[in-house]
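Labels for the chains are A, B, C and D, by order of writing; each one numbers its residues from 1.
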Amino acid sequence: MTKSFGSDNHAGTHPAVMRAVVDANTGDAAAYGADAWTERATGEIRRLSCAQGEVFLVLNGSGANVLGLGLLLGRHEAVICAESAHINTDECGACERILGTKLLTVPAPDGKLTPELIARRLSGRGDEHCAQPGVVAITQATEVGTCYSLAELRKIRDFCAASGLRVFMDGARLANAAAHLGCTLADLAEHADVLSFGGTKNGAMCVEAVIVMRARDAVSAPFLRKQHMQLSSKMRFLAAQFIALLDDELWLRNARHANAMAARLQAGLAGLPGVEVMYPVQSDAVFARLDPRHIAELRREWTFHVWDETTSVVRWMTAFDTDESDVDAFLASIAAVAGSLPV
Amino acid sequence: MTKSFGSDNHAGTHPAVMRAVVDANTGDAAAYGADAWTERATGEIRRLSCAQGEVFLVLNGSGANVLGLGLLLGRHEAVICAESAHINTDECGACERILGTKLLTVPAPDGKLTPELIARRLSGRGDEHCAQPGVVAITQATEVGTCYSLAELRKIRDFCAASGLRVFMDGARLANAAAHLGCTLADLAEHADVLSFGGTKNGAMCVEAVIVMRARDAVSAPFLRKQHMQLSSKMRFLAAQFIALLDDELWLRNARHANAMAARLQAGLAGLPGVEVMYPVQSDAVFARLDPRHIAELRREWTFHVWDETTSVVRWMTAFDTDESDVDAFLASIAAVAGSLPV
Amino acid sequence: MTKSFGSDNHAGTHPAVMRAVVDANTGDAAAYGADAWTERATGEIRRLSCAQGEVFLVLNGSGANVLGLGLLLGRHEAVICAESAHINTDECGACERILGTKLLTVPAPDGKLTPELIARRLSGRGDEHCAQPGVVAITQATEVGTCYSLAELRKIRDFCAASGLRVFMDGARLANAAAHLGCTLADLAEHADVLSFGGTKNGAMCVEAVIVMRARDAVSAPFLRKQHMQLSSKMRFLAAQFIALLDDELWLRNARHANAMAARLQAGLAGLPGVEVMYPVQSDAVFARLDPRHIAELRREWTFHVWDETTSVVRWMTAFDTDESDVDAFLASIAAVAGSLPV
Amino acid sequence: MTKSFGSDNHAGTHPAVMRAVVDANTGDAAAYGADAWTERATGEIRRLSCAQGEVFLVLNGSGANVLGLGLLLGRHEAVICAESAHINTDECGACERILGTKLLTVPAPDGKLTPELIARRLSGRGDEHCAQPGVVAITQATEVGTCYSLAELRKIRDFCAASGLRVFMDGARLANAAAHLGCTLADLAEHADVLSFGGTKNGAMCVEAVIVMRARDAVSAPFLRKQHMQLSSKMRFLAAQFIALLDDELWLRNARHANAMAARLQAGLAGLPGVEVMYPVQSDAVFARLDPRHIAELRREWTFHVWDETTSVVRWMTAFDTDESDVDAFLASIAAVAGSLPV
């Protein structure tokens, strides 16, 4: 079977992560995170992110997003985010359902907010009829594979600080962003009040971390995590996954590799007729527009998502375990198909 | 280190379950449950429970309870449950937070509801000032280690059906109940509209199943599961755990063993001065009252929970991996301690 | 002081309504709606709307909208509405907060949805990652003063019925729509599953009705109304207001008058330089674009809202008690201002 | 028809209140509370309560309770209250539905909490599995007609302050408590962080006030009030009611009268065979136990609630408009009935 370009979560678990899970299976351990694995994993993430607060392991990306936002939102407050934000488009309305919050969306080119875009949703502040933004949610890397530069993050951070807004960073693919920017976790984390640090899309089996930068924002976190059904009893098996990812920077190596495979894919597309790359390729995804008949033809052999039926845009994702040969074979198919039909 | 008698989730993962997880790590698989492992696990559970509806894998027990109740509750409805119910005492108010529902509690001897106890909370039906019960939640095996007999379940089921109430069964330890009663999963499931079927406390790493008995109650389940942040992306690793548990009735063998260890513990307590067993031992827990000084002494060497400080009652739990020698060593310590102080 | 053109809720209470409130103050009456006034008011509204279900009096427009939507929404479902819908722009996120639902908005010219616009939000149906629309919310008359024709309503109704969607009609200004269309309450109501029927903007003091067209949708209404804090204890004083409005068609006469005053205002604007009417004037509001300096000048003497700062659009509203002389004086001011500055 | 002893909300509106409502109907006024009546009413309540924060008018008692609690509760927190608290028994689960909070109830003799009773619900603090109390809700006067003394209030206040708990006071009948204790509004208010001040049960038509003692707790109040559907557009008609109640201490005179009528009723019961008064009569209610056959007989002529069918306890309430002759006639009936059957 051909390698999937459908999603970084089509991949399995990295062997080192799996080994760590197996190795954690040694007799009894205290439940709910009062174990040595959890202490080590959260301590290490805290250190790497220079967080003054705490780190909480949760079960998936939606869990991380909803918990992170819940820690920062006043009871009555709303969230500003890009229209393309995962919390807006791909979580079935979880933020509204669980937090009771409204998402104030802005169309964002390349998936990235800017102070100017955020400012568009601030006009009704103080008016009791208008939803009151309290948090700005950004995704790094974004849902369309782009990355905020550190300078862009700083601008957002400064603007939000000056505007009485907190910043939540959805870091389901934070590793890919760090790999692209060549920066540390702390370089990214300093621009958020709370952020998530994704494991699952980067070689883990089932774990994400919520990093709370300031201690005061972490006070309610253990309780909200439990209420949000994100507290795992045999937590050591979650923590072990992060321990493996953090060991010898596997998280960064995995992300670098996936990014490199996406770059290789993009490079191979250059000059192919009828294939238009839509966004800068800055993480592990390539978005491309091609003829719907070409899409249909390619999908007979390869797995990937049609991102937008109406505009005929597809998403091709790489993963920690995508090989150069996978990319090359896929490119060969694309080239064959692209040449096979009059465009 | 001595074996923990603190909880069945202090135990690790059963080797066969771990092996299944490792074996599932074979290249790509479709995410979010569209994989062969999930189809096999849910199909098998559906078959064993004789459900006409569907089976959904979730990430933990609270997730299973909140999803299950959410499927059955009208938007305005409340839940009748025992005061000692896990959803009332141990989930940090998740049902109230996530479902917005009120729990109408009843003190229940031995942790078990009866039609008479349920009826106590029905007096305000139809009165718009009173919370309106829509679902009765029972736990099987209960939080104090007892089991409803099939006859008791039938009485509740019939009463609820006649009263316009649905039944949710919290089956975090359903396997222990089946083992105790010598009955099938279907024998238990037929008395509920929706039930959970626990994996984690019975040798799995991190998985529970929600069994929806009728198709019409399952319609909103995929969406609520996603909103409740209970949808795992790399679902195969959850499904693989259940496949292992179902294989050659490992789920039942694990539960039988844990039950047998609890029975052995209870048997060994007979005749010990100053140790009073509080409830019939019908699953994997022994609740005992003993002198607070004895409790303190025992906890220097052994791990277990004090269930109720005020009444000096402790909970001793066994697990799939508790050995006879563990029980005997623990009994020896108890005997030594019980004899060591004037009671 | 000059007459306000700011809102139809700047007006006071119609004298006949006030008289009815005073007249209802005769000794004791059963609370919470078990009184003769409530029976009469709700019975009459039920008759006029040909509802097979029930009618519930509530305390304000947001209360009516949230209750109405809550009756129709499955626990996991979302609402499709126009971007300009009051529930989206002017209720501080109440639907998200109280119902936990997501609003799937569509830009709607003239404030009106169409089957085509609704269809744009249906692409993700059945996909557990996408919010699932269950209800379409339309406003009649709309927030920009336009009215759906009965034919337009029928198209929406038929499309929704064929698509498994329910229809909620926000009728805060339903009377104005009936007056404009020359139709009955029943003509409007038959196109909705649940609708609100506004009193407050049409001469009442503080009351709205929620009309539930089918009995089965009304089952949870008394309880949700209480939970939503919309149940008034001394209900007779709410009911009396509707009795007065229904008596001799005062509701329709009030609305006709307000509509006529808006039409007079629009007619007077014709030919004025620098004043552009933005939408068909089909109820009690005129939206106009004029020079920001003209707006500022006019607001020194007159009360009205700037609808959109960025496009320099204002809203001028009439009410049941707006006189022809008020309109004429306002027009004279507008004309004077419009001529006073180079545009 | 005989005077109702069913509830203080069976009474109509006090003539002075009604007159104030009629007098407020003078042309236009800004909506949503930006009017002179609202400024005057809220300013006066603020002054009388010595609040440093703000006062918000809402539409009913449940609205006041849910808003008040919402202002004080952290997102994850629970409420400690008496089992007999109105929020627990008579609001259909509104707190759970709207705030997502759990009510941690305590059986409270005479309806009153004490530090000792509150302390019973504090054992699980800091444990993420246990609902975390953040607010203690007390009712003054209580649901069984008793009043906390100022010394009792101070003890609760001090205990809560020392325990990191905030205090919400449900003052639906605060006037009756002030009348009973002979104290000021400020004397009561200083023992709460937020309290409600009831109008409707004390001669108003439809209004309650939420008093926020500290400015920082009021920040989110305007937005939560709107989200909770408690913001009235023609607010002046709510404010006018309070203006009348505050004028020449009508609120206190009404409450004193109702209290006196309850005291007269209690006095008249003394010595009647088969009638047992259950609680100290300290406001406008008398709870009595009598033979079920006597209850049935009395209800043929008189209106009142059976408080508890199982214990045969009834509630007799007076109101601002209960006459001495009403009480005496009722007493005569009770005496006749009590003597008519062998007890």
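Basically, a residue touches a chain if its C-beta (ideal position, glycine included) is under 8 Å from a C-beta of that chain, and two chains touch if they have at least 3 such contacts.
Here the structure is a predicted model, which is why all the values come from computation and not from measurement.
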{"item": "Angle of rotation relating chain A to chain B [CA atoms, steps of 5 degrees]", "value": "180"}
{"item": "Most distant chain from chain D, judged by the mean position of its C-alpha atoms", "value": "A"}
{"item": "Interface residue overlap between copies chain A and chain D, same or different (over half shared)", "value": "same"}
{"item": "Centroid spacing, where centroids are CA-atom means, of chain A and chain B in whole angstrom", "value": "34"}
{"item": "Geometric centre distance via CA averages, chain D-chain A, whole Å", "value": "50"}
{"item": "Computed distance of Cα centres, chain D from chain B, in Å", "value": "41"}
{"item": "Where chain B touches two or more other chains at once, by residue number", "value": "76, 91-93, 97-98, 100, 128-129, 132, 223, 226-227, 231"}
{"item": "Sites on chain D touched by chain B in the complex", "value": "76, 78, 89-93, 96-98, 100-103, 123, 128-132, 309"}
{"item": "Residues on chain A engaged by chain D in the complex (per definition of touch)", "value": "32, 70, 73-77, 100, 128-129, 132, 220, 222-227, 231"}
{"item": "Residue ranges of chain D in contact with chain C within the complex", "value": "1, 3-4, 6-7, 9-13, 15, 18, 21-22, 24-31, 59-63, 66, 91-94, 97-98, 200-201, 205-206, 223, 226-234, 237-238, 303, 321"}
